[in-house]
Amino acid sequence: MAEILQTAQVSKTFGGLAAVSDVDISVNEGEIHCLIGPNGAGKSTLFKLVIGTYLPSGGSISFRGENVTQRRPYERVKRGMSIKMQTPSVFKELPVRQNIHIALQHHIGRAALAREEERLLTLLELAPDATKPAGALSHGQQQWLEIGMALALKPALMLLDEPTAGMSPEETFRTGELIKQLNADGMTMLIVEHDMAFVRQIAQRVTVMHFGKVFARGAIGEILADPRVAEIYLGKTHEH
Amino acid sequence: MKFRRSLLAFASALSVTALIGAAPASAASIKIGLLEDISGDLALLGKPKLNGSQLAVEEINKAGGIMGRQIELIHLDPQGDNARYQEFARRLVNKDKVDVLIGGITSASREAIRPIMNRTDTLYIYTNQYEGGVCDAGMISNGAVPEQQFSTMIPFMVEKFGKKVYVIAADYNFGQISAEWNRKIVKDLGGTVVGEEFIPLGVSQFAQTIQNIQKAKPDWILTINVGAAQDSFFEQAAAAKLNLPMGSSIKVMLGFEHKRFAPPALNKMHAVANWFEEIDTPEAEAFKKRWHAKFPNEMYINDMGYNAYTAVYQYKMLVEAAKSTKLADIRKVIATGKACVEAPEGQVCIDPKSQHTSHRMRLIAVDEKHAVKVLKDYGVIQPYWLSEIGCDLTKKNDKKQYTPTDLPKK
Amino acid sequence: MFKLLNGPQTLGNGRAFWICFFLVLIIALAYPFFADSYDVGNFAYFLIWVFMALGLCLMWGYGGMLSFGQTFFFGIAGYSYGVLAINLGGGGMTFVALGLAILLAALSALILGYFMIWGRVGGVFFGIVTLSATLVLAFFVGQTAGPEWRVGEARLNGYNGMKGMEPLNIPWFGGESIYFEGSSLYYLAIALILLVYLGLRVLLNSRFGNVIVAIREDPQRAELLGYDVRKYQLITFVIGSALAGLSGALYTSWGQFITPSSIGLPAAAMPIVWVAFSGRGDITATLIGTFLILVAFQTITVHSQQAALILMGAMLLATVMLAPQGFVIGVARSIGRLVKRRGQAPG
Amino acid sequence: MMGVINMAHGEFIMCGAYVTVGLVHGGLPLPLAQLCGVIAAGLVGVLVEMTIVRRFYKRPLDSLLATWGLSLVVTQGMLILVGSSLAGIGTPEGSFKVGEYSFSTYRLVLFGGAIAALAVIYFIFMRTRFGVHARATMQNPQMAQALGVKVGRVYAISFGIGAALAGFCGALYAPTMTLIPTMGATFIVESFVTVVVGGANVLLGTAPAGALLAIIRTSLNAWEGQIIGQIGMLIAVILIIRILPEGVSGFLTRRQR
């Protein structure tokens, strides 16, 4: 299987502190790849390095065979990445529909735009609230809207940073089903997540980070069976 | 309660002005348009100008008007804004259809008005003493000009105090052109300008300037600083015991600094003026009495206010001699060289070539108690410089302003 | 193209709005036939300033960039028009001067904007830097009184101001020239306003408009949707500033005169006052509000003598305290609410 | 400091100066009149905060408009009520010599006054109970409120102190300046610029920034004349914003950490 994203010995230090050091990960086309690890493991920093809001202190990042280490975020997006940030960042004062529109207009002509807009709003169950300002949506709905915006870019790779944070168990489950459905339609995804139940629901491959380094990697089954992983999670993953 | 009453007074004042504005002007009246700042930074100087015009109009109307026609004075307040000067000059000329436009304080406001007046055939009278040099057939200047002020005062100062002069001047056209005049005259007298400092408008702190002056050790200082902020120089210099003789073309008679500042800030200030309130001829005394009767709160009758007063009488004389308010007819009167009026300072006449005004000039000095003494009376001095350099409005309308370093092409 | 006249970024999208729009336009076009010629010229003068306000509304209300430097570009274009019109000679060349003057304003906006946007100057500092720029220009021009400060035939003439340029004019048949003054200037201004206003509506409701409001809301998110934020901000800044340049060049042509006080501090604050008063969120509001406030300020100044500044100050104070989104938007919203309530009443 | 851009700051300076001069004309000795000027400006400041400024926290641009409107009303109101100028009161006597230069003693008073004002401010904000409340409020109003600080009162008093300082400036300068209603405007550009360059913290930011700008300006004045001084100062502002986006105080506090 072809690798779509590859990081080679990527590091990032802030002051003297290494938030990410020598991380190699690779994401294969068509998979759902989860990035897990305790708080402060460097997952979100790695995401920012991948999308380009941080530039790495060392190492390189390649995407679809091209070295994008020094590219600015918008250039990476144009090459097919899209991201949902950790805290929802939608255009709060603009209507929901316009939020989607701004993401869609990027690559879709005026004629097809309205249809695509409707399709996404329906998919995200946001159609009844389409004229509300995005800031008026519930937290979970804002997360979905942001996923929708990321999706609207028709990316080759979606980066989702804690897509279920702050959601009820029911919403979390539905989010998982949505992600699986998108993946079934061919979308590649790299997801940071805390909720192990959710990870189990969706993940195919998992990379575990700890203290800024890759701690373990493998198929979801292997990782869950690894006692060292359970240890760093302080027993959090021991479900019955 | 008091607040409410003043609000009421304010509201009624508003409605009165609205009424006056709306009242149909009688067909026979002569309309004088007046542009003077009574708000903003220059209100201090604009208010006496407005008062002078009002006093003259009231007197003339009581005495039967101009050729039997009453004068209607239409005053607008441009608030010190050049764009407003332009708007209002157009308004007065095109909408109110005034017969003459009077006013403007700064040279910039005059220059804002001139291009608009040049496109009409309405006379414009500028009533300030200024840096001189405007050669424009549509404009009469009735204030003093450098050949009346600098060519008299600077030789006096050089002879009495010495040949080394330090200049502090406002950093815009008036200050720079005045400094040009000073350079030329001092050089002709064999003196030296030991320092020249141009100060941006609005600057009020002079510690560095005072040190510079002390370092340069001049015999006297030429102070052509402008505006309330820059006037702070005097108190700061007095506090630092600078105590040098000073000369100026705008202090005392124009800014009445000797009334506004506590003595001895203006000690040893010298100026040459066509008018200052301390003139004590019978005509001047009568004029002062009329003025203070009408405006009891006026701190000082300055030369601008006086010129604004005289301008209305000059206009009356011109119209009555021309039997017309048309610019062309009025200019025929000026061309005779006999366009004179008896003003409180004495007789003043309009020079046909430059359309500037002759004045009786006196040199005054301020002492440490801020009393004003006349040291010398130069008699009547003509505004000769423009015609010397080749401005002759009876032959050609240049519509330009010249300076000692920017003379007309021969 | 015409579809873009309506959209989420502009108030007034219904049929009623466009009917009103055409009514106002017809009245405006017919106005010179029944009005005093002075009033027509005076209205034309007010319209000259509106471009500067529209430009600021674009940058500030839509793009989130508060430029305190509209007068900087106003001054550059105003002085450029003067210098060019004097040196190129009059006649049809005055329009060349107008075009070049606006181009120069746009070019300087490009340079200043590049410096600021690529230097990540944002928020209040954007205002401070632009304010400093305009003050520096005002100080600089203010000290050019000497005869050595000349460009070709044109003397800058310091604080007293530059003059002697011809107003906009085109040679006409029979050796006569048409001078753009009074009603001809009025029609020119109306035509330009129409062009700029409709053009801005199209721009704002297009792809571009969506992106700049997105940037105002959250620049990082906008970048992560694949837009080069800096480029969009720079284009917005250049367009807004060029509109200030248009005002400047027209102003110089109108009075055949410009001074540094059109660039300095009280003048620099005026566009912000107009736009904030009108409601920075919408260009229609800015158009109407700016015109109204100019008319109101002049009328107040003419009729109330010394009380004028007090009334203006009180008006500003009352507006910000009672209608925080701006006077015109506030009024428009309450009319909208009223209409809605009427419409619902029978049902 | 409180998210308000105050265009009427110059009018507090005017208030302090006018009250001082008015009282001196009324027969009060200068220092006492100056004290009254400071108090009057402070009280007016509290009043303005409670009636107007209070509504504009977190809306800095609206506050700019509102205070500008206020400044117009006050300036012109003074012009109509008091007239276009007040007669000056003269600078207190006394001068001293340093080498060939002589200086007014009053300049020393000005200098001492500025230092004393800084010391008082430092004391109020760092050593009193009110100061603790005020600093807490500036950092996190909600939290301060929850802890029982009367946030509204803290804002009003802080604003009043700012106004009193401006009045102090006016009272000190009153004997050396011409008093006209628009005098506040001559200070506005400089104080605006100083605050911006200084950043949010009075002691760490504004004072050094003021000193820095004064040095730049005076040296340029001495070197090339006033106009270059003014332009140089503004260019310095642009550069400082470019280099130190948080202002001088941001730079200094970062250093401390």
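Read from first to last, the chains carry the letters A, B, C and D; within each, the first residue is number 1.
The criterion applied here is as follows: a contact is a pair of C-beta atoms (placed from the backbone, for glycine too) under 8 Å apart; a residue touches a chain by one contact, two chains touch by 3 or more.
Remember, predicted model here, so these are calculated numbers, not experimental data.
Q: Would you kindly count the fewest steps from subunit A to subunit B, each step being a jump to a chain that touches the current one?
A: When the steps are counted carefully, the minimum from subunit A to subunit B is 2.
Q: Give the identifier of the chain nearest to the protein's overall CA centre, each chain being represented by its own CA mean.
A: Of the chains present, the most centrally placed is C.
Q: Farthest chain from subunit A, going by mean C-alpha coordinates, please.
A: The most remote chain is B.
Q: Can you work out the whole-Å distance between the CA centroids of subunit A and subunit C?
A: 44
Q: Centre to centre, by mean C-alpha position, how many angstrom separate subunit B and subunit D?
A: 36
Q: Nearest whole angstrom, what separates the Cα centre of subunit A from the Cα centre of subunit D?
A: Whole-Å distance between the two chain centres: 51.
Q: Which subunit B residues touch at least two other chains?
A: 39-40, 171, 198, 200
Q: Show the residues in subunit D shared as contacts by 2 or more other chains, in ascending order.
A: In subunit D, 76, 79, 227, 230 touch at least two other chains.
Q: Going through subunit C residue by residue, note those that touch at least 2 other chains and give them in order.
A: 139, 142-143, 306-309
Q: What are all the chain pairs that meet the touch criterion?
A: A-C, B-C, B-D, C-D
Q: Give every residue of subunit C touching subunit B within the complex, in rising order.
A: 36-39, 41-42, 45, 139, 142-143, 145-147, 157-161, 163-164, 251, 255-257, 259, 261-262, 266-267, 298, 301-309
Q: Would you mind writing out the residues of subunit D in touch with subunit C in their complex?
A: For this pair, the touching residues of subunit D are 52, 55-56, 59-62, 64-66, 68-77, 79-80, 188-189, 193, 196, 227, 230-231, 234-235, 237-238, 241-242, 245.
Q: List the residues on subunit B that touch subunit C in their complex, please.
A: 10, 13-14, 17-18, 21, 38-40, 75-77, 79, 81-84, 86-88, 90-91, 94-95, 106-108, 111-112, 114-116, 171-173, 176-177, 198, 200-201, 401, 403, 405-406
Q: Taking the complex as given, what residues does subunit C use to touch subunit D?
A: Touch residues, subunit C against subunit D: 66, 119-121, 124-125, 128-129, 132-133, 135-136, 139-140, 142-143, 265, 269, 272-273, 276-277, 306-310, 312-317, 319-321, 324.
Q: Can you check the complex and tell me which residues of subunit B touch subunit D?
A: Of all residues in subunit B, those touching subunit D are 39-41, 43-44, 47, 171, 197-200, 202-204, 207-208, 211-212, 214-215, 228-229, 231-232, 235-236, 238-242, 259-263, 265, 297, 299.
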